[in-house]
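Same chain, two partners: chain A is paired with chain B first, then with chain C.
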Partner chain A sequence: MRSKRAHLQYQLFILPAFLLFTVFVIAPLVLCIFYSFTDYSVGKAVSFVGLKNFGAVIRDSMVRDSIGFTLVFAVVTTIVITILALVLAILFTKPCYTGKLQRAIFYFPSCISLMVAGYAWRNLLASDKSGLINQIIMRFGGKPIQWLSTPLGAQISVILVAIWIDLGWCATLFFTYIQSIDQDLYEVAILEGANAFQKAWYVTIPMIWPAVVVNLTLLLSQGLKVYEIPQSLTQGGPMKATYTITHAILVRGVTEWDFGTASATGVVIFLITTVLCILQMKLAEREV
Partner chain B sequence: MMKKIARIMSLALVLQMLAFTAPASAEENKELSGNLSILAWYADEVAQGWIDHFNELYPDVKVEYQYAQAVQPYMEKLQSMLLSGQLPDIVLIVAENRVDLVDGDMLVDLTETPVAEKMSDSCYKQVLFRDKVYAATTGGSIGGLLVNMDLWEQAGLGEDPKTWDELIDAMKALSELEGITAFANPVSDAACTIESPLFGATYMETEPDYEQKIAAGEKTYADYWQPVFEMTKTDIYDAGLMPQEMIGVPWDTVVSNFALGEIGMIMGASWNFADIEAINPDLNYKVMGIPNKEGTAKYYLGDCLEPALGILKDSKNQENAMAFLESLYDEESVRSSEAQVGLIGCVDGYESLFAENPVCADALVEGMQAGHQFMPQTYWQKDVERMRSTYVENVQAMVLDEKTPEECAADFDAIFQG
Partner chain C sequence: MHEKKSILTDILMLAACFLIAYPFLYIIMGSLKSRAEFAKNPFGIPKTLMFSNFVTAFEGVSFLRILMNNIIIAACSVAIVTLVSAMAAYAIVYHSTKLNRTLRIYLMLGFFIPFQATLLPLYQIYARLGLMDTLHGLILLHAGSVSLAFSMFYGGIVSLPKDLVEAGWLDGCGVGKTFLKIVFPLTKPVMITVVIFTFFAVWNDYLGPSLFLTSRDKGVLILEVTRAVTKNVIDWGRAFAVVTITLILPFLFFLFSQKYLVKGMVAGGVKG
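Then we have the complex of A and B:
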């Protein structure tokens, strides 16, 4: 009887959160799926169009290309940031007078708005001699690099800026986990003759693996939703080379008022994200 | 006693005079009351000038102004208001939303109203859409080639170019000056690329109905756009007059480099004047038009009709909205627009503050007043946003030598044929 009452209490406690989640997540998702089968737009009667919108999404080169770049962006940033953050977090643990300052410097980019960061880097990475990075390269005798004026250069620039923004935050997360590792484990490893790499590989990484899994999930889902950085850095160009999925949905939905196609694009992205997250979770479980 | 009588008589006279003068408008306007809501992307100070004047005429109307940043946030807000039924009475009509609003039968037709009658011929011509007027506009901006006249003289150049070839020769002469980039085209902004006024100069005098010919199947977009794209690609991009790396330079940096005398000419408009003069108040520059190959016409940048405000059909306060649009044509409102944001007034009988500005005086006469401004978005009849983004993408592709003019022009037809 008591357990039943407790059960009821728990359900009552989660009710507000459940209602909010339903209104702001479940309901829009269901509506999005519904609209993806219609020609819904402002000022028009809604009619059912079957799979037409999904056909349009598959044929739409802008959507295809934006999915391609978004996947590359998400995968590359997730892997590179995680690896570099692990290395950085291990370096943070080395005793150093300026340790706190170093951590603060690396953490700082994650405090800036993504749009502001993008606009700042747009000037630093300007493709001509006015860009600060190119000025440094030219000072050392190099030639200016067309960071933002070629499709490949712009894609690399967007990825580099995203890495710059998230690296410090992830490294700090790993660093806090490393701090909680029992030092006896390292002493045992040293007695066993482990070098620095082996200590990291056999002690540090397995002990902070839950943090790595959380980090991978966050980075991947964040990467699949990326918009602010390419928008502020390159405006999706040149030649739409840095258009992301969010760009595609906004263009088709908000700008062109074609909610049916935009919703279908959203559903496709939802499916891709779900598959990627399940794969990632399975992979993470196996590693543990 | 006589003094008292004289005072009373004077007072009566004054009251009588007041009854014949100011109250004429008050009597006319007193029946308007209630609310009026406006959604646009102008800063509050700009809109306040119009609202203050409107409230002088109609003190009983409470005006609620809602601001949304251009362009995407504005479009989002407008959409959410339309979908939720919370309709503003007046909305800003731009190339990005005009077709959808008209196709959705959401706008009041202003063609037969005093609003359309008050519009200058130039504005009327540009704001006309499918033979109807849906937006009230009092002028806008003027743009074209912003030319550094000191560099122009250093390069040994004299009069404004009369033909396209003369313009290209001028760019070549500027490029020979040491450390000077001849020309910069804002390839991320379809409203401002050199291709648009060149298209206008090439076709709008002889075939202003070119869109109708395309719609009727007599011609294709490629017939019109390919020659224009060939001219800019061959003469400017392939000739290196605008280096490829300019695509990757933020446009505000380009404008400041122009102000600092590092670029000979850029595409720009009156909205750039304040920035340029803040960086270099002594810069000697002016706005030039883009001539066609034969030298028979010269066009300036379009998309300059602002404010372009329309009334939603389902709005609750249409009478107030109509009165507001009419009040925009009064000198007080037009002058306020000019002073606040540099929107140049182009209303019959109104003397613009910009008319004496040496930077744009010629452009005002040749471009805005003559109606020689062109922006393709204004003329496209369907899939405007898709056409616009393809246009931007293809101009960038031509600069990077990734596409031929033929391919770029054919893309318009592919979109049109859907």
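Then we have the complex of A and C:
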């Protein structure tokens, strides 16, 4: 059965995946890296310019700010979602009748298109008196907040929507890990007279911490890909305050045909993602 | 634990659930309101249920065709990704040569590569290969992201008992027959997870279609939604009717696949 024919057949089985992956993922990446060292544009001969494009990435304030916002978004959402998801996961463990339903409802926002999420929230967060959240704030005597019409407000809004999307699946995941904790640990904690907070702090969180850390890197690399939420919520505005790395690549590359700068920006996000992934693998290995 | 179930927990948690679910209720209620009612009462319960938004949503552009585009793209992408990654994983597990061990790492490099970094060259490649503005172009785009599916299948096939496959060889099954008759059916739990993850990724994708499907009748639903809400005068009722239609399939999928979603996340350490 280890005949030459079988050998060939096995290789043929790998071929489709190999070809698809090479043509539609690897080749474009290699081209992106190649362009990042050239001044390539439409109808122009390609010449190498060394690291000039990477200098442009740093000097180009639009690109720089987009990278900045993307990093802030990724870090802030990762931290806030993780903390809230831990709290929610612990709440999920409280015995009650509708636990399954609760988890399902919290989970569902992560199953829909990010664009849809943004469009739904656009009216709820509308800046003037027409937004639902502002109506509620005013009902309680507060002043309407400029959610989507000021740079900071828009940035916060994008983060809020991201939390709404990711909180549920994250909490469900943590809840699954909590289910596998040895119940004896809790018995001991109760005998020692621990209250609910102490049980969470000294038993639950330390026990699932390795999984939480792996999840941090996952949330971070997902956060770096953010594009749809600001696109549907604010179209990157106001004043480009919610432009992300993807916006920068699209504007410089597709709109202005400045392939060099756009590709260098692509390489930057590729490098950051790679570092995060390697970190994640190292952490996951240690956990096992 | 020996704590008693408390209805109070239920009430508090369900109140929180209402807040989380409200944007969905808002969309669905909105899709049932007339323009006038939406202007007057955008957030509350509709006074009269009006289904005409769903009817007008189907008018004008060949809406059914766009819905079909969605379904074709999702079904074909899911089928291709599932099949090619299962085949590759099978061959690499059962024919572990030095080359194939390298290929295993190669096929998993996709985890490191954000779509953003490949997007501009893809634009060029698509123009050159004539894949721009074609459904099969978009299907191939999704079909190329095999890394997650491949690693899941690899994990599933590696843990299958070897003697089952060897029994197949003794019965005279070749490489192909062993895969189709023995290995592929045995990967069912993994397969379901792969199908679900790929379906959600493809169905909810916006960046791909927005870049590579330019003409309207080749578009997908989410592009129609975008068109509807970027007009000067927005007919939210109609826009939300289209949104509601895009939500139906993910919702059904979600109902039947919840436990696999969580299982897949725990096993793969990956989401979407």
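Note that the second predicted complex is superposed on the first by the 241 of 288 C-alpha atoms of A that agree within 3 Å, B and C clash if a C-alpha of one lies under 4 Å from a C-alpha of the other, contacts with A are read in each partner's own complex, and residues count from 1 in each chain.
Methods note: contacts are C-beta pairs under 8 Å (C-beta built on N, C-alpha and C of every residue); 3 or more make two chains touch, one makes a residue touch a chain.
None of the values given here were measured: they were computed from a predicted structure.
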First (chain B), second (chain C), both or neither touched by A:V254: both
Partner chain in contact with A:G237 - chain B first, chain C second, else both or neither: first
First (chain B), second (chain C), both or neither touched by A:S130: both
Partner chain(s) touched by A:G266 [first = chain B, second = chain C, both, neither]: second
First (chain B), second (chain C), both or neither touched by A:G223: neither
Touched partner set for A:C32, first chain B, second chain C, both or neither: second
Chain A residues touched - chain C or chain B, whichever exceeds: C
Chain C-contacting residues of chain A that also contact chain B: 122-123, 130, 250, 254
Residues of chain B touching chain A in the complex: 72, 75-76, 79, 82-83, 96-97, 100-101, 103-106, 187-188, 243-250, 253, 257, 383, 385-386, 389, 392-393, 396-397, 400, 402
Parts of chain A lying in touch with chain C, wherever the complex brings them together: 1, 6-7, 9-11, 13-14, 16-18, 20-21, 23-29, 31-32, 35, 91, 93-98, 101-102, 104-117, 119-124, 130, 132, 135, 164, 167-169, 172-173, 176-177, 183, 186, 214-215, 218, 221-222, 224-225, 227-228, 231-232, 245-246, 249-250, 253-254, 259, 262-263, 266-267, 269-270, 273-274, 277, 280, 284
For the chain C and chain A complex, residues of the former touching the latter: 1, 3-7, 9-10, 13-14, 16-17, 20-21, 23-24, 26-27, 42-43, 80, 83-85, 87-88, 90-92, 94-95, 100, 103, 106-107, 109-125, 140-141, 143-147, 150, 169, 174-176, 179, 200, 203-207, 211, 222, 225-226, 229, 236, 239, 243, 246-247, 250-251, 253-254, 258, 261-262, 265-266, 269-272
Chain A - residues contacting chain B, complex: 41-44, 122-123, 125-128, 130-131, 144, 146-151, 153-154, 235, 237-240, 250-251, 254-257
